[in-house]
Structure formats: structure tokens, C-alpha cells
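The two complexes that follow have subunit A in common; it is paired with subunit B in the first and with subunit C in the second.
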Partner chain A sequence: MAANVVVMKRPVRKSSYIRASLKGMALTFRHMRQSAGDRSEVTIQYPEQKKQLSPRWRGTHVMETHEDGRPKCVACGLCPTICPANCIKLVPGEDDQGNRYPIVYEIDEFRCIFCGMCQEVCPVEAIHVGTHYENAEYTRNEFVYDLDRLMKQRHPSTLLWDPADPAGE
Partner chain B sequence: MQAGTTTTENLIELSDNAFVVFSAIKVLLVFSVVMVVVALLTLMERKVSAWMQDRLGPNRVGPGGLGQPLADGIKNILKEETNPAEANRVFFTLAPMLSIIPALVTFAVIPWAAPLPTPWGVVPMMVADLPIGILFLLAFSSLGVFGIVMAGWASSNKYALLGGLRAGAQMISYEIALGLSLMSVFFLVGNVGLDEIVWTQQRMNMWFALPLAVSFFFFWISSFAETNRLPFDLPEAESELVTGYHTEYSAMKFSMFFIAEYAHVLTVSALMATLFLGGWDIPGVGRDDMLGFVDGVWVGERPAVWITLLTFGAFALKTLLFILIFMLVRWTVPRFRYDQVMDLGWKILLPAALVAVMVTAATVLALDSFGVEMDRLYYGFVPLYGLVLTVVNVAMLVIVLWVMDRGQTLAGSGSLDEKRRVAQERARRRAEAMRVHLTTPRAGAR
Partner chain C sequence: MADETTAAVENVSVTIDGMELSVPAGTRLLDACAQAGVDVPHYCYHPGLSAPAQCRMCLVEVEKSPKLVPACVGTVAKDMVVHTESEAALKAREGVLEFYLVNHPLDCPVCDQSGECKLQDYVAAEGPAMGRSKEPKRVLGRDDFGGDVLFYADRCVMCTRCVRFMREVAQDERLTVVQRGHRAVIDTFFDEGLTGNLWADNIVDICPVGALVSKDFLHKARAWDLDRTPSICPNCTQGCNVRLETRDNQVMRIKPRPNPEVNAHWMCDFGRLNYQWINRVDRIEAPLVRDGSGRHVPMSWSEALMRLADALRGQTGGAAAVVSPFAANEDVGALRRVMEAVGGGGGVFRCEQGEEVTLPGFPELALRTDRAANVAGAELFGFSRAGGADGKGGLEGVAGHAGVLFVLGDELADAAADFGANASLFVYVGQHLSPAARNAHFVLPSTTFAEMEGTFTNVQRRVQRFWPALRAPGMSRPAWQILGVLLAGIGDAGAPGTAADAFAGLAAVRPEFGMLAWGDLGAQGAALPEAVGQAGD
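What follows is the complex of A and B.
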């Protein structure tokens, strides 16, 4: 038995069920009138409409290429070093002219935390985080993007990086 | 009203053969229309609820989501039926049928338009022109709860059983108020046929919503309870009982409960429109006042096809209005607690409905003995009979609302001991306040 229950004495205008119900019904009716006929402006019709990304958005990586299709990457090894999630795998190689190039360049998009440090640290502006975020695959292995796949990404790179001022000065 | 002013002599009653044919057509028509409307109601409910919550609702299948009911139906037919191992198979299968059939059958006695003249005679626009009309309807609508109770019991699931029990208790409590609120309609009309009820409202030049306001209000509340919709959806209270009586149901069996619920909503809305908003009567127009053949003589205005169509439109509009209010209430008002439902049913609705019936009966008796005619417009425009009843009923309604608003029924209630303790405390405090304190010395003591 509830011995110490305090029964609040509220004025009728505050505790009236009928008035409260009518007030609530007026509210719901007002909302219905506002958005009847699918005029609601709150919902975003996702596949057709997309939310505008934040300028700071960092998504799937892009590898920049030269005109002849070679990756801009010089395999300096800075990005795997700085990567806090340790998701970049790089095996450097060197051709006859002494140009360094990546033999293996893989980014595990699952491990990546999209901090964007690889982009910041890259001396030749080769690797970028992009504005793409709709990643879906059938297996986890397919989230490990290799060099070819990174070069094939066509989405624009993040707005954090200004091509006119590549070094960020 | 002005019966006989237009030519009605070449109207003929349906022959027996034509009656059978037209009845078959009407059965098919009403069944398919009701099923389609029920399907659309599920869509409408989702749309209306979405709009109330600033969402869009289903809009992917077909234009504006119109194909959604079809998609749902196909999905439900193709889904796997699960039968719980512990369930009683016979009653488990029987329950959805028992709940859907009464919901559909009840529509048979509701007139949905003015009689339609055809070359073979005048066809009354209701499936079955039963002389017992609304009694049939009451009998069948209360059959619906058997399906729910049976579903709850046969599932052998504690939540389902609780849901079924609640449905039974709720139905019993509110059926009484429902029946009592219909009493005033009965003695005003003097008949239980729904076409007669519409005819009386036309003759009275006033819909029963005003002259029988209390009955209207009580019938409305009870119909919410009868259809198991919020704020009375205790049988399927999601937050307490999973989904109540249909917890164990899946696929088409679940769908049948769903269809039954919306069919009930449709029937009850149509019934309220018929009983209290004049049915298919178009307000302010005398041309559509007609009853039908009484002993081979046509009563009322001459029927016409365009009148039938227009009156059907009026009926559909009124029904839609009630359906909309059903939905508006559902998405606004939270569920009652179980004791509140019982309190409202037994402590407010039952005694108030009894008193209302008596007062209304006394008023009708007084009006009749003073010779006030029901279908006469005094000074050409004053329906005195209806107005007097309106004044009496509105006064009663105000009192009922005032009592309900006192926090007696719907405010928080503790245990009985707690209530007793509070009452004792209040009595003690009152006694304390009334006691004369003899702190000042008496005059002669010095």
C-alpha cells in the first residue's frame, strides 16, 4: 500500500481531460492540414533527394592520376605512417628512371576512420577523401579498395581540399 | 414532407424475381465496395497519421501510394503462416473468420442512398431491408468480440489471453452504454429500421445529433470502445501486451483481424452517420425526403436517379467525416488505463445514459402531450420539437462533461485504500477547519 503518496491538487483547467484532448486534437489537425498531400518539408526522399553534405565531409578515398593514367602517388610512405587506424597498406616500388610508385596500395574502408590525415600529409596531393558515402558490398573483403579501384573513383574529393590551393596555404 | 405534391402513382414495387436479382447485385456491390474501402482505409490511416506527424507516409507504390494496400495484400497472402505448437488449431483458425464476418455482415442493414427507381420497380438502397434493422446490427457487432476472445484463448499465450479478456470486459461494459444511447433514438422514431430512422430525421427537419446530443456523445464514445481503437485499444495495447490478442497471428490471419478492425470502423462510422447525422439526407433540401413503400403506398417524394447519386455522396461524406475523426483521435489521445476504462464505462456512461434516457423520454412525452408536432415547422422555419429536445440534451451534455472534467473519472486513481486514506484526510482537515478554537478567554472568566 502506498502510504506516502502525495495526491496533487491541480486546478481543473490544468487537469481537464476533455480540454487537453481537444487541444491535442487541434494540434494534430493543424499539423495534418499543414502537411496533407505530402507537403511535409521535414522528410528527405532519400534516393531522389539527398542531404547537402557538410563542407567538412570526408568519405570514400580517391587516388588522383596523371594524364597518362599513372597514379600520382610516389610511395613515400607518409600516409600509412600517419594513419591512426592503420588501414593503409603500401608496398613501394621503383622503376628504371628512379621514379617511385606504389606496387600495392590498399585502403581498408572498414577500418578507416575518415580522419583525412592521409590527405593532409600527402606531399603530392595524390590521395584524397571524397564526398561519397554510399558504400555497400556483399563481403567484407570487397571493402578493401586496391589502387585500381581507388583510381576509378569518380566522385569529387572533399571540399576541405581546395585544388587552387593544394598545399592548404 | 410534401408527400403527394409530386406524382408518385406510376411507381411500382419490385416483383419477387427482380427482388432476388437486385439483392444479389447489391450484395456483390456492397461487399466489393466495402472491401475496397477497407483497403483504402488502411492506406488512409497511414497517410493521415503520417501527415499529423509531419511525415509523408507510404508513397512508393503507385501514385501517392495508392497501390500500397494491394502490395500489402499480396505480401500478406504470400507470407508464411505460423501456427504455435501449443495453440488450439481449430479455434486458432476459426477466430479470424469469426471476427471478420460480423464486421462485414453488419453493413447489410445500413441504407446508403435514397431509393433508386428502375424500370422493374424502386430498389431500396440497402442490402437487406430488415424490419429488425438495428437490432440485427447490434447482435452482429457484438459477435465480433467472440473472435477476439477466441483468438486470445486459442493462442495459449499469456499476452493474447489478457488481450482477449480485456476485449471481452470492455465490450460488455460499453455495449450497455451503446444500447442505452440507442434507446432514445428508438422511442423518437418508434421503429428500429434504419430507413425509418433516416425518414424521421428528414421529417423532423433536424438530425438527431442535436436533439439527442447526449446519446450521440455516448454512442460515439462507446463506438470507440467497440472498435477497439485508441483510446480504447486495450485488447491490443502494444506497450503492455505485445500486440494483445493477435500476438501469435501472422500473414493472412493477422490481415483478417486488421481488415475486421477497419470494417468495424467503416460500419460504425456509417452507422453514426445514419443514426445521428441524417444518413443519406442532404441538409436543407426537401426533395430527397422519402421512405419507400408502406403497405403498397409510396411514402415521400418521387425518387430519381440523380437524387440517389447525390444522397449517396452525402452519405459517403458523412461517413468519411466520422472516419477522419476516428483517425484524428487515434493519433492524438493516449490509451486509457484499464481502471479508467472501467470507471468511465460503469460509473459515468451507464448511470448518465440511464438518466439521459429518462429525461429524454419525459421530454418527448411532454412534447407529445402538449401536442407539439414532430414534423411541423412552426412559423415556417422553427422545428419546435427538435429545438426543445436540443435544449434539454445540450444541458444534460454540459452537465455530463462537467462531471467528467472534475477529475473524478479520468484523473489518477490510487488503490482503494489510498482513496479512503485521502478521503479521511480531507474529512479530518475539514473538521479541523470548522472547529471553534477556544483560545481566547471567555468574557466572564476575568
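What follows is the complex of A and C.
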């Protein structure tokens, strides 16, 4: 079937790659020259310098506390119910003042999909997802945040939506 | 006779929300509405109690009537036209709900009733969107009513179902309404409150809101997390129809299921709170067969049952048996058939006993003397009572039995360490490996009633079905399945595949069961007919 193959003849001027390569390298060189001094447009000095996060950023959780240090959570069970990833474990109980509170409250941050529905559903504004992304631990187990850990989290909590653009448009 | 009774009550035609239907004259409007598929909101009315028409939630509009009619006391009349969703009815009910919310704390997140609360439901369905009350709410706090009951006064809607239950059904008046108007509150007469009344927890069931809650269930689980399975209360021979409410493969609470023949709407606190044993975790999980050196070796079911069938085949010397009165009819009947296949023999059961306590307002219901569900079934299949009222002892006759020995379900917790040591073949079918059970040649794990399908025969000879509510641990199987497969291995019977098959097999031992079809049992059970021309054994 070789008889059917037609080899197109092209002028060297068109088929050579040298010209295209030089064009590309010229562009690279132009950028190199432009950013040779100040690189702040593309590089930030992390961790000294950090990027501004979106107000809708949803990261690892924060449990709000009362002034006396008790968690605001009343163990109503709505967040484990709404959680689509089933990552919240809650065992309710009663404290010595007769208030309902969580004996066990654990969030598996690995399993969490950071949808923020726990924060939306919470009737007492206790559980929040935080504007935080630096999550490093030595063991996987430490990513199951218990109540103490959640109460110690200090980062600000998310707004869930951008106040400048509440409809998300 | 049938014609006379039907002629006495004339059917009338009524129109409810545009639907025409014919109901007997004198039918309660609320029931007629239910027949038309309309659920009229109500708090104070309960089918097991009198209707005081004081909650004003069931107001409906009846044409040609000058005022709205409370559906719980109004009765149908000829050509009545009822509008449950008319503007006037909705406005009235919205107003009533707004008043209920004036002092209600709206603490749904911490309230145990949340998810099964009538105030929550009705306010969501037809309540006001916003409250207009600006005054501070009345705060009364919580009160311990004694027994298993806690009272959150602020959540109360003053339907007085609890007061009427104690007056009319328990007939032990311990609750009353004190004060009048907006100060009115339910309270107990004396310091002991409800302590000592066996029926007090029923007021927790009938409380339409979270005012009366169970201490046992306090903060334990949310209503929407529970799986509900129809079952039979296993704690006495009354056989109250119940729902096992489970979460994470554990029974969280037991609630009564209405059955007009057995327990109406009620059940006793003994049965209700005695469920921890169902959640026991120290269970046998695999068939264990004793090998030559005396060690128990875990085995597959087919291997274990094949070896057991080999050991039993050709045996004709009869057998002795200990059965548990908590075992289902199918279990006990299957054991009886296996025993007959090896030459018959007698058996005993042991049952804990206590004082009988009758519910005065519904005397058919009592906490019975025998505190196990299937004493009647065990007796029907030819097992006799042994031991004391504490459910212990009585094993002298079988402990040293030299032939084939079966134990079904009985834990043998009090048996001597050498129980069954003389038996030529000791088969233990049960849940817990007690020291006596360790003497068995074959240890076969069976399920509890909560993990299987089957029937109990109650004290009225009523056969009632229960359904599996929990996952069975490990390899355990219903005893009727174990023994049915075994019977197929030693005889020519077919192995039962379902509880219905096992139930049909009971007729081979007791012909009365043949007169009862599995399909006829339904969710409410059926009375076991008397055997015709059959001398009981």
C-alpha cells in the first residue's frame, strides 16, 4: 500500500524548528529580564509572608467557647446528622449544672470534606470551620480532633460566604 | 347476630375536605378525618384516654355550625360537611399555637423529644412564622417526678394526658394540675412522686412534647437516629407489642406498640427498662467443637453440623434438655423435633418469677408472674418448669444425665462446674459461654430474639411475631435454623430457609400450630386454636 502514501514537499523555511525555538527562547529571555529585580508578583516569602485567604475559605474546625471555658456546643446532634462525610462523632451527656453538653465530640479532619454544613446547621453557633490551611501532624491519629483540640484552635472562623458577594455570583 | 349489630349503628355520609365517605353515626370527627386521610392536630386527645377538648388544637370548621368544633369530641352526623383546612380553622389553630409558644423555651436542640414532638410538627406545619411576644418567658425549670420520669415544666402544653393517664388507666392519682391560667403546672402530690408506680413511664410516651422525659433515655440518642423494629417485649409472659428502638446495633429504648388485644397503648416500666441484657457483648461468635484433646476448636457451620449429625445419627436412647423460656416457638419446637428424632425424652426450663401487677384501667394487661416471654411456648412443646422463683436451680435431673443432653439458650450461670460432664453427647446452643457450657462437645452460637425472626406464645396463648432489630454477632444464627439444618441432617425433614418454614414445621409436633398460617399472624399476632382431639403431652 506504500504506493498511496504521498510525501508532501515543504520548503526548509517552513519545516525548520530553529526559527520557532528562537522565538520561544526570546519570550523566556524577555520574562527573565523583566523579573530579574523584583519578583513579588509571582513569589511570596512563605511562611514569613502569607496570602490573603478568601472570606469563604473553609479549613479545619474551631469550637467556640463560653467565657468560663465551657464549649458552646449543646450536643443537639444536628452536625453529625447533616454531615455528608459522616466524620463527626458525638456522645451527649449532662454536666453537673444539668446542662446538656458533649462528652465526646470528635471530628475526623481527614474524612471531612469541608462543606461547612456543620457550621450552617449549628443552632448555638458553636462549631465553625476555620480560615486555616497549615495542617501538619506527626501521626494520622492527630487529625481526629477531639473537643479539647477544637476548643484550642485559635484561627478565625470562616464567614461561609463573601460579604461583598453574598449570592456567590 | 352480625346483622343486628350492624343495623344498630347506622352509617351516615359525611364530606371531609371534599372527600365523601360513609362512617357509622357517632364516630368521633377526628377518627372520621383520619379515615379521610386528614391528620387533625391534637394534644389532649389520646385514643386510650378520655377527651376533655381542652387543648383547642383540633378545631375544625363544620358547615352550619356557629363555631369551630373540636374534632376530638365532636361526632359525625348525617350530611355533615367538614373543612379542616379552611381559613377560619387554620387561623384558629395558628392562634392556639402562638399562645403555646408564649412560654415555651424553644430548646429543641437540647430536648429529647425533638424529632418526635407534636409542638415542633404542628408549628412547622401551620404555626406562625414569627412570634410576636416581647415579654420575657416564664421560667420554671425542671422537676424530678420520681421513678424514671423527669418533668421540664416550661415545655409543657397542659394537655393533661399524664394526669388523666394516672387517674383513668393507672388509677393511682399521683399527678395533678396546680394553679390556674398561665401559672398552671403539673405537679405531684407527695414527695415520692411517681416512685413505686409500675406504669408511670407511659406518661412519657403519651406526652406530646418534651415535658415528660425518661431519665433512662435522657440525652442518649436523637429520635431521628433511631431505627424502629416491631417486636415483642421479652420480659414477661404478657407479650406486650413493642418497638425496639436501636442505634449502632444497640437497643436504646423500648416503646409500646398499640394492640387492643394485649396491651392497648401501654406497657410496664419493668419490661421497658429491662433491655440491657439484649445489648450484652460477651457472645459466642463461632461454632466450637471439642476435639480429642478436649479443646474447643472453632469451625464452619457446615463442618460443625455435619459432625453433630454424625454423632446423633442412629441414637435412639432419647435425650434430656434445658431450654430457655426466652427462646422462640420455632427454636423450642425445632429442639423438640430433634429430640424426637433421637428417641424423645423430657426437658425442663427455668423461669424467674415475681409479683403479678395488673393495670387497673386495662386489666387484660399485667406484669405477669413469669418474667420471660415464651413460657407458654416451652410448655406447649413439652418442657416442664424446674428450679426456683429466682430462675436458678432445678438442674439436678439433667446435670448428671448420661445420654444425649441439649441446652437451648439457658446460660447455665448457676450450674455446677461439672454440669453435663457425664453426658455422652452434650450440645449447647446459646449466646454466652458460661463455665458449665464449656463442658459441651458442641457449642453452637444462637441469636437472641432481637436478632432474629420468630414468634412467642403469650399467656393468653396468642402467637405473636417479632422481627430482627440488631445484627447478630459473628457467625451466630437463629436456633431454629441451627436445629432445623441438624434435623435435616439426621432425618428426612427439609431444612427451613425462613422463619415461616420453621413455623410451618411446628405443626409436626403440635397440630394447633398447623391451624395457624404464618401470613395470618401479621403485626398483631393471632390466638392459637385449641387442638381438636389431641391429648396434650
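For this structure, a couple of remarks:
Heads up, the rule we're going with is that the second predicted complex is superposed on the first by the 129 of 169 C-alpha atoms of A that agree within 3 Å, B and C clash if a C-alpha of one lies under 4 Å from a C-alpha of the other, contacts with A are read in each partner's own complex, and residues count from 1 in each chain.
What we mean here is this: a contact is a pair of C-beta atoms (placed from the backbone, for glycine too) under 8 Å apart; a residue touches a chain by one contact, two chains touch by 3 or more.
Just so you know, these numbers come straight off a predicted model, no measurement behind them.
Contacts of A:42 after superposition on the shared chain: subunit B is touched, whereas subunit C is not.
Touch criterion not met for A:156: it reaches neither subunit B nor subunit C.
Once the two complexes are overlaid on the shared chain, A:16 sits against subunit B while remaining clear of subunit C. Looking at the shared chain after the overlay, A:28 reaches subunit B, while subunit C stays out of its contact range.
Of the two partner chains placed around the shared chain by superposition, subunit C is the only one that A:100 touches, whereas subunit B remains out of contact.
Counting the residues of subunit A that each partner touches, subunit B and subunit C differ, and the larger count belongs to B.
Of the two partner chains placed by the overlay, only subunit C lies in contact with A:77; subunit B stays clear of it.
Residue ranges of subunit C in contact with subunit A, taken from their complex: 108-110, 114, 142, 218-220, 222, 224-225. Interface residues of subunit A, counted against subunit B in their complex, comprise 1-2, 5, 7, 10, 12, 15-19, 21, 24-25, 27-29, 31-32, 34-36, 38, 40, 42-43, 45. Taken in their complex, subunit B has these residues touching subunit A: 48, 50-57, 59, 64, 328-329, 331-333, 401, 404-407, 409-412, 414-415, 417-418, 422. The touching residues of subunit A, when paired with subunit C in their complex, are 74-78, 81, 92-94, 98-100, 123-124.
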